[in-house]
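Below are two complexes that have subunit A in common, paired first with subunit B and then with subunit C.
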Partner chain A sequence: MNHTMELVIGAIFINNILLAKFLGNCPFLGVSKKMETAVGMAGAVVFVLTLAGMITWLVEHYLLAPFGIEYIRTMAFILIIATLVQFVELFLRKSIPALYQALGIFLPLITTNCAVLGVAIINIQEGYDLFDAIVFSAASAAGFGLALVLFAGIRERFETIRVPKQIEGTGIGLVTAGLLALSFFAFKGMI
Partner chain B sequence: MSASRLVKEFSKGLWREIPPFRLVLGLCPALAVTTTAENGLGMGISATFVLVCSNGLISLLRKVIPNEVRVACYIVIIATFVVCVEMITKAYFFELSESLGLFIPLIVVNCIILGRAEAFAKKNGVLLSRADGLGMGLGFTLALTGLGAIREFFGAGTLGLVFGEQVFFDQPFAFLQQAPGAFVALGLLLGLMNLVGGSRGR
Partner chain C sequence: MGISALVMLGIGLGAAAILAVAARVFYVKVDPRITATEDALPGANCGGCGYAGCASCAEAIVAGKAPVDACIAGGPEVAIQVAAIMGTEIGVAEPRTANHFCTGGDRAERKFHYEGALDCRALFDLHGGDLRCKVGCFGLATCVRACPFDAIVMGPEGYPEVSAEKCTGCGTCERVCPTKVIQVFKLSDRLMHFNNDHECLPPCRQLCPAQIDIPSYIDLATKGQYAEAVDVIKERNPLPLICGRVCPAPCEAGCRRVAIGDEPVHHNYIKRFVADWEMHHPQAPPVISPETGKTVAVIGGGPCGLSAAYYLRRLGHRPVIFDAKPALGGMARYGIPEYRLPKKTLDFEIDEILDLGVEVRCNQQMGRDFTIADLESEFDATLLAMGAWDNSSLRCEGEDLDGVWKGTEFLQKRELGIKVDLSGKRVVVVGGGNTAMDACRSSLRMGAGEVTLLYRRTRKEMPANQVEIDAAEHEGVKYHLLAAPKRLIGDEKGKLTQIEYIKMELGEPDASGRRRPVAIEGSNTLMDVDVVIAAIGQRPLKDWYTKDLEERGLKLTRWNTIEADEKTLQSDVPHIFTAGDLWSGPALLIDAIGTGRRVARSIQRFLLGLDLGFPEGTFVGPQKLAVSNLVPVLGVGPRVRVSQPELQVADRIKNFEEVDLVVSPESMRDEALRCMRCGTLCYFNDEQRDAHLSGRPLRKKVGELLQNSPTLR
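Showing the complex of A and B:
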C-alpha cells in the first residue's frame, strides 16, 4: 500500500510528467489558453493514458516478449495508441454522446501527445507489474491534468495585463511554465 | 522545378520558420535533452535523419496512400525510421543513447515530423520534400545545440562539445540545468529571436 502511495504522489507532484519530465508539452502550450479546453484535454488524457498504459503493458508481456521482438516496441506501441484513440472515439460517440461532445476534438490530438507513448515506455523500462503500471499511468495522467488546469488558470490572466510584444504568447507561456515548475519543486521533500 | 525553389524550401527551415522557435512544435525534446550542447546536437541529428527519410518516402508514396488513413500510414513510416535510429544509436553511440534515453523512441510523436509530412511532403515532389526536411532538421539541430550550449555554459560552467573537460565557472547558475530553467531559457530565447528578427512569429 505504501509503495502504491509513493508511486501516486511521485508521479503527480514530484516527477510531474509535464513539468519535470517534459512529456506532452505541445498540447500543454497549445490548449492552455482557455480553461474549458484545458479541462477537456485533461479529461481526455486521463481516460486514454490509463487505458493505453494497461493495454501496452499486456501487449509487451504477452506478445512482444514471448516472441523476442521487443525491438519493434516503439512501432507497436504507437500503432496501439493510434488505434485505441480511434476506438475510444467511436465508442464514446455511440454510447456516451455527452462525454464525446466534451472530449471530441481533443481525442485525435492525443495520438501525437508524447505523454501517452512516454508513460507506456516508462512502464516497461521501470519493470512495473500490471497493477503498478495502471496506477502509474493514471497518476501520471492526473499530474498532467493538474498542471494543465493550473497553467490555464494562470494564463487566462494574461488577457488583462500588458506583456512586452516580443515575448507575447508562447514566450511568456514558457517562462510562466518555468515558474510553475519551480513551485512544484517544493514537493520534493514529500517523500 | 528550379534550383532557386529548392534553395528556398531548404533555407526557410534555417531562419524564417525555424523550429521550435518560429514553428512552435517539438518542444518536448527541445526542453528535455538540452542540458548539454552535445545532447542537443545528437537529438537534432537523429531527428533530421528521420525527417529527411520520412519526408522522402511519404512524398514518394503520396499518390498511393489513401487520404482517409494517411495519418496512420505516416506514423508507420516515421516509426520505422525511428526504430532504425534507435538501433543505430544503441550500437554505435551508446553513451548518447543512454543520455537521450526515452526521447529517442519519442521522435515518433515529434510534431515537427508529422507536421512536415502533412504540410509539405504530401503535396510536393521527392527532391523538394527532402530539401524541406533537411532544412527543417538542420534548423532544429541548430536551435537545440544553441539552447544546449547556453544551458550548459551558464548552468554547469562547461562546454563539452568544444572545450572538453575545461570548467569556466566555479559556481554556475545551476537553475538552468534544472527543469524550470529549461522553460525559462527557451521562453527568453524565443523573445530574443523575435527582438532580433523584427516581425513576430505565429
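Showing the complex of A and C:
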C-alpha cells in the first residue's frame, strides 16, 4: 500500500510528467488558454493514458518479450496507442454518447501526445508489474491534468493584464511553465 | 529481424481488423445531410467556425446549432450549397465581420449599477473609472494579436479598429476578448438589433422611439467625425435631416442634465448639424447585404414606408414603394410646412434612400389603382403604411359652410400647387396639436390679417411641439384657450360669417390622464370670422379597405387602424404587415421611423422563413428602465444650453423661408460637450457614492476626473 501511495505521489508531484519530464508539451501550450478546454483535455488524457498503460504492458510482456524483440517497442506502441484511441472514440460514440460529447474533440489530439508513449515506455523501463503500471499511468495522467489546469488558470489571467510586448503569448507562457516547474521541484522533499 | 517484421505486421493487421470490426459493431447511423454537408465544406479543419473540425461543424449545422453559413473559410459559395442541402434560403449567405458593435450587454463578468446604466466594474478596477469606454474595451489588444488575418490594428485612441476588407468574420477575436466587446456580426444583425434589458442603455437611448445610439453620435460629433456620426444615426433612423429639424425629441426627457437641475442636451442641434454637413459633403452609399431576390411592396411613402424600404434594401431585398401622391414624404411633405422643413432638404433625404435601389410608383392609390391581388402576384410580402389622413370633424352645426376647412387638406394645398389667398382675412384655427400650429403659422404667411387659435384645454395640455407653441405666439397668433366651437354661422349664400364658441373649465382627468374640459353653461360668445380651420386630430382613412382584404382576414380596429401583433406588426394575414400612423394612430415622425425599422425586421424574418419573435428581454419601442433613476452627479454643474439661431419674426412671417437655422460648428461642439456620456464613462458608481456619503475618501475625485477628461470640461 505504502509503495502504491509513493508511486502515486511521486507521479503526480515529484516526477510530474509535464513539469519534471517535460513530456506532452504540445497540448500543454496548445490547449491551456482556456480553463474549459484544459479540463476537457485533462479528462481525456486520464482516460486514454490509463488504458494505454495497461494494454502496452500486456503487449510488452506477452508479445515482445517472448520473442525477444523489445527493440521494436517504440514502433509497436505508437501503432497500438493510435489504434486504441481510434477504438475508444468509436466505442464511446456508440455506447456512452455523453462522455463522447465531453471528450470527443480531444481524443484525436491525444494520438500524438508523447506523454502517453512516454508513460508506456517508463512503465516497462522501471519494471513495474501490471498493477503498478496501471496505477503509475493513471497517476501520471492526473499529474498532467493538474499541471494543465493550473497553467490554464494562470494563462487566463494573462488576457486581462498588461504583458511586456516582447514576451507576450508563448514567451510568457514558457516562463510561467518554468516557474511552475521550479515550484513543483519543492515537492522533492516530500518522500 | 524476420520475427520483428512479422510481429509488426501482425500488430498492424490486428489493429486494422479490430478497427474494422469496431467500425461495424459501433456503427452510429448518421443523418445523410451531415455527410452531404461535410462533403460541401472545404475540409480545411481551420476551426474558424468555432467547432473542432469540419465534421463537427457539419453536425452542428444539421442539428440547427450553427447557421448554414457557419463555414468561414468556404464563404458564400459554400453557404449556398449548404443552404441547399438544408433546404433553407440563400438569403442568409451574408458575410460577417468583426465589429465593436457594443450593446454593452454581457460584457464583463462583474457589473455594477450606476446612475444611468449598467457598466463594467472591471473597467473601473483597472482604470479607476478614468477610461472613456465607448465599447467596454480595456484596450489590451488581445484581439489584435489573436487575429489570424491581421485585420485588427490599435487605433489612435487606444481601441482596436477592424479593417472590413481583411476581416473574414472568423470570430477568433470574439473568442479571445476578455470582455466580449468585440463581436462578429452580420450587417443584418447590426441593423436589426433592438434594445435589450441586459444592455448598457443610457436614458436617452431608452426613450428614443427609434432607439438611436445617441451618446455615440454625440461623441463622434465632438471629434469632428461627422460622416461617422451620420452613419450611427442611420443605423436606426434613415431620415436625420428631417428629424433634426422637426422631432420634438422625446429622448430629451430622460437626459441626465435634467437631474442636476439643468436643461437637457439639445440632441437635434447636433443631429441636424451632422446631417446638414453630410448633405453638403456627399458620402459613399452604405453597404448593402447580398441580393436575396425577394420583393416587398411598401404602400405609403411617408416616413414609415421610407424607413422600412431603406432597411429592407440594406438587407438585400427589393422594396417597391407605392404612393397615392405625386411625391414621397407623406405628412413630412404634405403636412409639415416649408418654413419648418424645406422641401429641398426633404427631397435630398428621400433621393438618398431611393438611390440605394428602391423603386417608386407614384400616383398609385391602393384600392383605386391596384388591389391586394395585384400585389400578391408580384411581391413576396406587403407593408401597409398609409398613415392617418382623415380629419376628425368638429361635430358642430354648420360644418359644411363655405370657409370651413380641414387642417391637413389646407396644409397640403401649397405643396400641391393650389393657390390660397388669405390676405386680410380673419382665420380661426381649432385644435392644439402640430397640425393646428402649422395651420396657424401657415395662415399668417399666406397673409391672414388675424389668426386666432381655439383650444379647449390650457397651454400645458397642448400636444404640439413646445417650440411650435412658442413660435406661433411670437409670430402673433392669438390664443383663445379653454374655448370650444359650438356653432358655425353663415349668410344666406352659405358663406361662413361667425363662429359661436363656449368657454370651458378643466374637470377630472380622463383616460389619457389629461383633465377633461367641461363647458361653462351660458358663456357662449360670437366672433366674426372668414375662415375656420378644423385641426382637431386625424385618423386613418378607410377607402383602401376593400372587400378582398376583408375576405383575407385583415381586421381594422374601431380607430380605423390595422389590427396586428403588438411586437412584430404582422397582421392576421401572414404576408401583410403594417406600421407607422396606420398602426399606431397619429404619432410622431420618429415613432413611424422606429416602427418602420421594426417591421423591416419582421418582414426580413418572414421572407427567410425564420421565427418572427424577439429574443427575451427585448424592448421594441421606448422603455424607461428602473436602473436609470438619475440623481445629481458630484462635481458636474449646469452648463448653458446653446440657443438656436432663427430668422427674425418680421422677416419670416411674410414667406415660407426656413425659420430655424443650423448652428455653427463651435456651438454644436459646445452643445455636444454638455452630454454627460451616460453609460460610456464610468465615473460615478455606487461604490463612490457610498464612499462619498460616509465621508470616506474617494478613489479618485469625480470632479477632478471630469476636469481632466478631454471632452467633459
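In the analysis below, the second predicted complex is superposed on the first by the 191 of 191 C-alpha atoms of A that agree within 3 Å, B and C clash if a C-alpha of one lies under 4 Å from a C-alpha of the other, contacts with A are read in each partner's own complex, and residues count from 1 in each chain.
As a convention for this text, contacts are C-beta pairs under 8 Å (C-beta built on N, C-alpha and C of every residue); 3 or more make two chains touch, one makes a residue touch a chain.
Bear in mind the structure is a predicted one, so any value in this text is a computation, not a measurement.
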Three-chain arrangement built on subunit A, subunit B and subunit C clash or fit: fit
Which superposed partner A:Leu174 touches (first subunit B, second subunit C, both, neither): first
Partner chain in contact with A:Gly153 - subunit B first, subunit C second, else both or neither: neither
Partner chain in contact with A:Ile80 - subunit B first, subunit C second, else both or neither: second
Cα-centre angle that subunit B and subunit C span when viewed from subunit A, reported as a multiple of 10 degrees: 90
Which superposed partner A:Ser95 touches (first subunit B, second subunit C, both, neither): second
Contacts of A:Leu117 with subunit B and subunit C, given as first, second, both or neither: first
Of subunit C and subunit B, partner touching more subunit A residues: B
Which superposed partner A:Leu19 touches (first subunit B, second subunit C, both, neither): first
First, second, both or neither for A:Ile72, with subunit B first and subunit C second: both
Three-chain overlay, closest Cα atoms of subunit B and subunit C, distance in Å: 8
On subunit A, the residue positions that both subunit B and subunit C contact, one per complex: 71-72, 75, 79, 82, 168
In the complex, subunit A residues that touch subunit B: 19-26, 29, 71-75, 78-79, 82, 111-114, 117-118, 121-122, 125, 164-168, 170-175, 177-179, 181-182, 185
List of subunit B residues in touch with subunit A within their complex: 24-28, 31-32, 71-72, 75-76, 79-80, 82-83, 86-87, 102, 105-106, 108-111, 114, 178-184, 186-188, 190-192, 194-195, 200
Subunit C to subunit A touching residues, read off their complex: 3-4, 7-8, 11-12, 15, 18-19, 22-23, 25-28, 52-53, 56, 122, 126, 138, 140, 142, 145, 176, 178
Subunit C partner contacts - residues on subunit A that touch it in the complex: 33, 59, 63-64, 67-69, 71-72, 75-76, 79-80, 82-83, 86-87, 90-91, 93-95, 104-105, 159-160, 162, 168-169
